[in-house]
Amino acid sequence: MSIWEYANPVRFMRLSDRVLPWLAALSAILMLVALVWGFFFTPDDYRQGSTVKIIFIHVPSAMIAINAWVMMLIASLIWLVRRHHVSALAAKAAAPVGAVMTMIALVTGAVWGEPMWGTWWAWDPRLTSFLILFLFYLGYIALWAAIDNPDTAADLTSVLAIVGSVFAVLSRYAALIWNQGLHQGASLSMDRAEHVADVFYYPLVTAIIAFILLFVTLVILRTRTEIRARRLRALLAREARE
Amino acid sequence: MNAIELAPYRDAAPLEVRDLACRRGERLILEGVSFTVSPGRALILRAPNGAGKTTLLRAIARLTPPVRGTVSLSPERMTWFGHADGVKAQLTVAENLRFWAAVHGMQDITPALEAFRLADLADRPAAYLSAGQRRRLGLARLLVARRPVWLLDEPTVSLDAATVATFAGVVGAHLAAGGLALIATHIPLGLAEEDVLDVTPFRARESAEHAHDPFLDAGFATARDGREEVSR
Amino acid sequence: MMALLRRDLALALRSGGGFGLSLAFFLIVVVFVPFGVGPDTGVLARIAPGVLWIAALLSCLLSLDRIFQLDWEDGSLDALALAPLPLEGVVAMKALAHWLTTGLPLTVIAPLLGVLLNLPGAAAPWIFLSLLVGTPALSLLGAFGAALTVGIRRGGLLLSLLVMPLYIPTLIFGALTASRAGDGLDFFTPFALLGGVTLLAAALIPFAAAAAIRINLR
Amino acid sequence: MMPDLGKYAVWVLSAYGAALVLIAALVIQSIWRDRKMARMLAEVEMRSVRQDGDRG
Amino acid sequence: MMALLRRDLALALRSGGGFGLSLAFFLIVVVFVPFGVGPDTGVLARIAPGVLWIAALLSCLLSLDRIFQLDWEDGSLDALALAPLPLEGVVAMKALAHWLTTGLPLTVIAPLLGVLLNLPGAAAPWIFLSLLVGTPALSLLGAFGAALTVGIRRGGLLLSLLVMPLYIPTLIFGALTASRAGDGLDFFTPFALLGGVTLLAAALIPFAAAAAIRINLR
Amino acid sequence: MNAIELAPYRDAAPLEVRDLACRRGERLILEGVSFTVSPGRALILRAPNGAGKTTLLRAIARLTPPVRGTVSLSPERMTWFGHADGVKAQLTVAENLRFWAAVHGMQDITPALEAFRLADLADRPAAYLSAGQRRRLGLARLLVARRPVWLLDEPTVSLDAATVATFAGVVGAHLAAGGLALIATHIPLGLAEEDVLDVTPFRARESAEHAHDPFLDAGFATARDGREEVSR
């Protein structure tokens, strides 16, 4: 049996039904652990003071925000090539999650920026790219909402995801050339010298895993909702014909 | 109303439709539609409103790809004429027609103008036409496209009796030249070469509709039951 | 193909939607800025290249829904899809017609309107060149957005929402070219990238837009 | 229990607060919509089962 | 009359043309400005009130053709002209529906977006109040322009051209109120005049627009 | 297809048209049109395409004010139904109809839905109707407006034969209730109470067209002559 079999809506419902409670519990627990650890049991940074605690939300949400879009792009490609309904609906389901994660990264960043840089908002390339990403999410969600035939909507949003990805990457480079940034470099790079201290590193990794689990849980849950919505639609249409 | 004559079409071939199933939006409307129209014949699609005539014509033109089944001729040999007639109000009658002629690689629009008695109106902007005159202009496009298969969706809407006769003459000439036509209409055209197909019997059965929607899979109900068992 | 271009140009000119009016809109956005931000010439000169680019962009945006919507409504698009033209070519021609009636006239007039905003003299030719190189991308991306939203009745604002993020690289590189040139800084990199974006759009968009139209016609 | 957040207390707390509110809103909305959809679906599903039964 | 308002709101919400999208457009115009004029926060703060006002104005403008054009195209306006409603009331209701779906949401969100432009804190409440008082005039004047151009197929840009000069007093008084408030200067005079313009528009426009529609229906 | 019945109109009065001249754009199309339609009667306007039926109906509704002549009833007593039917694609069938009902101060739309066999489609967005279903929805507006004078411009376009009969039944009920109707159509309705008027004979003579244009005043020539005299 090929892996694509799981992309059949019925199978997906059956499987996800079994997995979801465990996933949900796990992500809730891990999230709790990570945030409690980060908030209560980490020291202040010598330069940033207690604001460094924001990192445990800010960085994971920023990572999810980007990777959610990548996931949507892949799911869209799968839909276009293999026409598996579940992957189209998963892309649809991921968009609001990605948008909220983007918003969290933006908001926590803004709240961090006010004490650190003295401004809520600066047109730093990192921040700018995030704002643009947020716009892409909005457009994508709006396009889904505007078309009422679900297959047409899936096709068109997939095309948008592809073209949008190309231009999102372009925007990122455009923003880099446009303005030199204030923003931190990578703190999780392989180069140990640039690493954040271990006291921050381990809770941060925990938080990242927790956010990933949360993302997966939410996407599965929302995909289930979308599948149900589709089935409801189909059943109602069938009734209407009788 | 002089009879017109068209140059014969070079590659006459019958239009064979086999087991076509077609949808509109998400709904399967027709299924199992099969028929053959040979060159020189017209097939009139008859059915009450909402039966699926437009849907069938769009599927044959591949504007809405059919769900299943085959159509023997490629859309490149067809001209489509729908409820909306593609007339631009800002352009004059002649400009409208000349555009479609150019798209299809034709030069001369006078025969088309004359066939539909539009020569007098040639320089009038299409915005200033009456409903019937405008429809005539839309129909004239058929003659500049020079395609052997005509798909016509209620072509005679708004036309007066004399113009319906003129139009029947044009269709007759098209058939005489080896073309063929599919015409959805509620108004009899009175062609000599016409067959009639009622599409009502092809209305999609419910079960057929299910067969193609993964979201109507019976497995869903089971899946739900399964969960209930677990939760109990 | 040429017939399509000719027809689209004729329609744009006659419907009172092309040319003159997109110029007028551009003019008026530029005129609005001093009313909004106040008459301080220093500030105006500083923001002039950006304002001209943004105004050009908004003028383009306003006429995008013309590209396919009308043809869809009156059935022409159905007929064109069956005509012996590749749909990709149709898209390209329509984007070209849009550019000729919108982007090109804007480009020509922008340096003149720059005077109203105290645009530094050194920036004027580069406003012209950057718009010349950049506006085709605006028309192409706009055609893509229009193809996605064709059939959504009066999807005008949705169209704007979809297209605007796509416009950002062009806007950044374009405005940067002009303002750096005005300040006597190096502007080669943004200018080259501006051209790159346009080329990329020209290579990619006709296919994406044609695909979107095919989907929308079903 | 509460760690000493120093002069940045407001910022840290509001960052956590805002993030938690947004996550909670997302989670609640997701669950609520899923419940609602499941309920509506169950209703229609029952109806169609009954009809299937009638049809024999 | 209420039925008309309800229908117009329903249409605006369903057609994906109302509310969310006009907000999104506003957002995006505001976002574009830094890309155009550069990221210098000093300059941005200086021009922020003007930019917010201009963005609000352009968002309004974009959805104006919705007011009458669709009803004209599909024959509803003919039928409404014969219905037992005064045409002046129809105009007023349609302008109100437009304001509720455009001006009002913009007003609410403008102070938040001000953050992106480093709008001085003192100006934020006055941006809100000046938009609240001023945007009804934009919808009313827009309805007048829409009435003049109804029947001109895709007269969107002509409409903008006609309406923009009418918008200038509102723009000047509105932006002046907000920027003076931000600088701690006296802003009572422009604010009072802004209210005056709106009242004048409310008193005058329904009649003028109804007359224009009657002429256009012939 | 059960026969429907309408409550009688209160203020029945004949529609008298006297010496009407009407224009379209800048062209005078018809002149000297006079007729009377009494309550309970329908007048069918017959004429070839472009003769001026639409123009005449618009003039009677005062949508395009007539150039000359009088119409006895005010537009407040008329309902207009033209080529474009005012159906909003985004709204459902019921919402569309409820709007027009509310505009005319009516509450109940079920009789109108039933008269046009739309009850089953009530919750479907109008975008998903076939051409004929959509037209039926447009026509249903006539029943929620409750006006004694109906001006109908080609109402039966796109309707199948059965629906044309249904519609004829509705018009019959309207007439029976003391209403009257003017109907421009190319398709016979087969009403018992109909008279037919051919508008072709009223086509405006060229001289009449000039009579009203101040820029064709003979005075211009004199003015020019006068100037030439001065300059000489």
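Letters A, B, C, D, E and F mark the chains as written, and numbering starts fresh at 1 in each.
Everything that follows uses one rule, which is that a residue touches a chain if its C-beta (ideal position, glycine included) is under 8 Å from a C-beta of that chain, and two chains touch if they have at least 3 such contacts.
Bear in mind the structure is a predicted one, so any value in this text is a computation, not a measurement.
Participant: Keeping to the contact definition above, tell me which chains border both subunit B and subunit E.
Facilitator: Correct list: A, C, F.
Participant: Which chain pair is joined by more contacting C-beta pairs, A-E or A-C?
Facilitator: A-C
Participant: As a test of understanding: of all chains, whose mean C-alpha position lies farthest from that of subunit A?
Facilitator: Relative to subunit A, the chain whose C-alpha centre sits farthest away is F.
Participant: Same or different for subunit B and subunit F, where same means more than half of the interface numbers show up on both copies?
Facilitator: Same-residue interface.
Participant: Based on CA centres, what chain would you say lies at the far end from subunit E?
Facilitator: Comparing chain centres, B lies farthest from subunit E.
Participant: Any idea how many Å lie between the Cα centroids of subunit B and subunit D?
Facilitator: Roughly 49 Å, centre to centre.
Participant: Find the geometric centre of each of subunit C and subunit F from their Cα atoms only, then give the gap between the two centres in Å, rounded to an integer.
Facilitator: That gives a centre separation of 44 Å.
Participant: Just give me the whole-number Å value for how far the CA centre of subunit D lies from that of subunit E.
Facilitator: 36
Participant: Just the number, please: Cα centre separation of subunit A and subunit D in whole Å.
Facilitator: Measuring from centre to centre gives 17 Å for this pair.
Participant: Going through subunit D residue by residue, note those that touch at least 2 other chains and give them in order.
Facilitator: In subunit D, the residues touching two or more other chains are 45.
Participant: Of all residues in subunit E, which are in touch with two or more distinct other chains?
Facilitator: Each of 15-16, 21, 24, 28, 35, 38, 153 in subunit E touches at least two other chains.
Participant: Which positions in subunit A touch two or more other chains at once?
Facilitator: 135, 138, 142, 146, 178, 231, 235, 238, 242
Participant: Of all residues in subunit E, which touch subunit F in the complex?
Facilitator: 2-4, 6-7, 10-11, 14-15, 71, 73-76, 78-85, 217-218
Participant: Considering the complex alone, what residue numbers of subunit E touch subunit A?
Facilitator: Result: residues 16, 20-21, 24, 27-28, 31, 34-35, 38-39, 41, 115-116, 118 of subunit E touch subunit A.
Participant: Taking the touch rule as given, give the residues of subunit A at its contact with subunit B in the complex, in rising order.
Facilitator: The touching residues are 8-11, 13-14, 17-18, 85, 149-151, 227, 230-231, 233-235, 237-238, 241-242.
Participant: Can you name the residues of subunit F that touch subunit B in the complex?
Facilitator: 24-25, 47-52, 54, 83, 128-133, 135-136, 154, 157-164, 186-187
Participant: Mind listing the subunit B positions that touch subunit A in their complex?
Facilitator: Residues in contact with subunit A: 25-27, 206, 209-210, 213-217, 219-220, 222-223, 226-227, 230.
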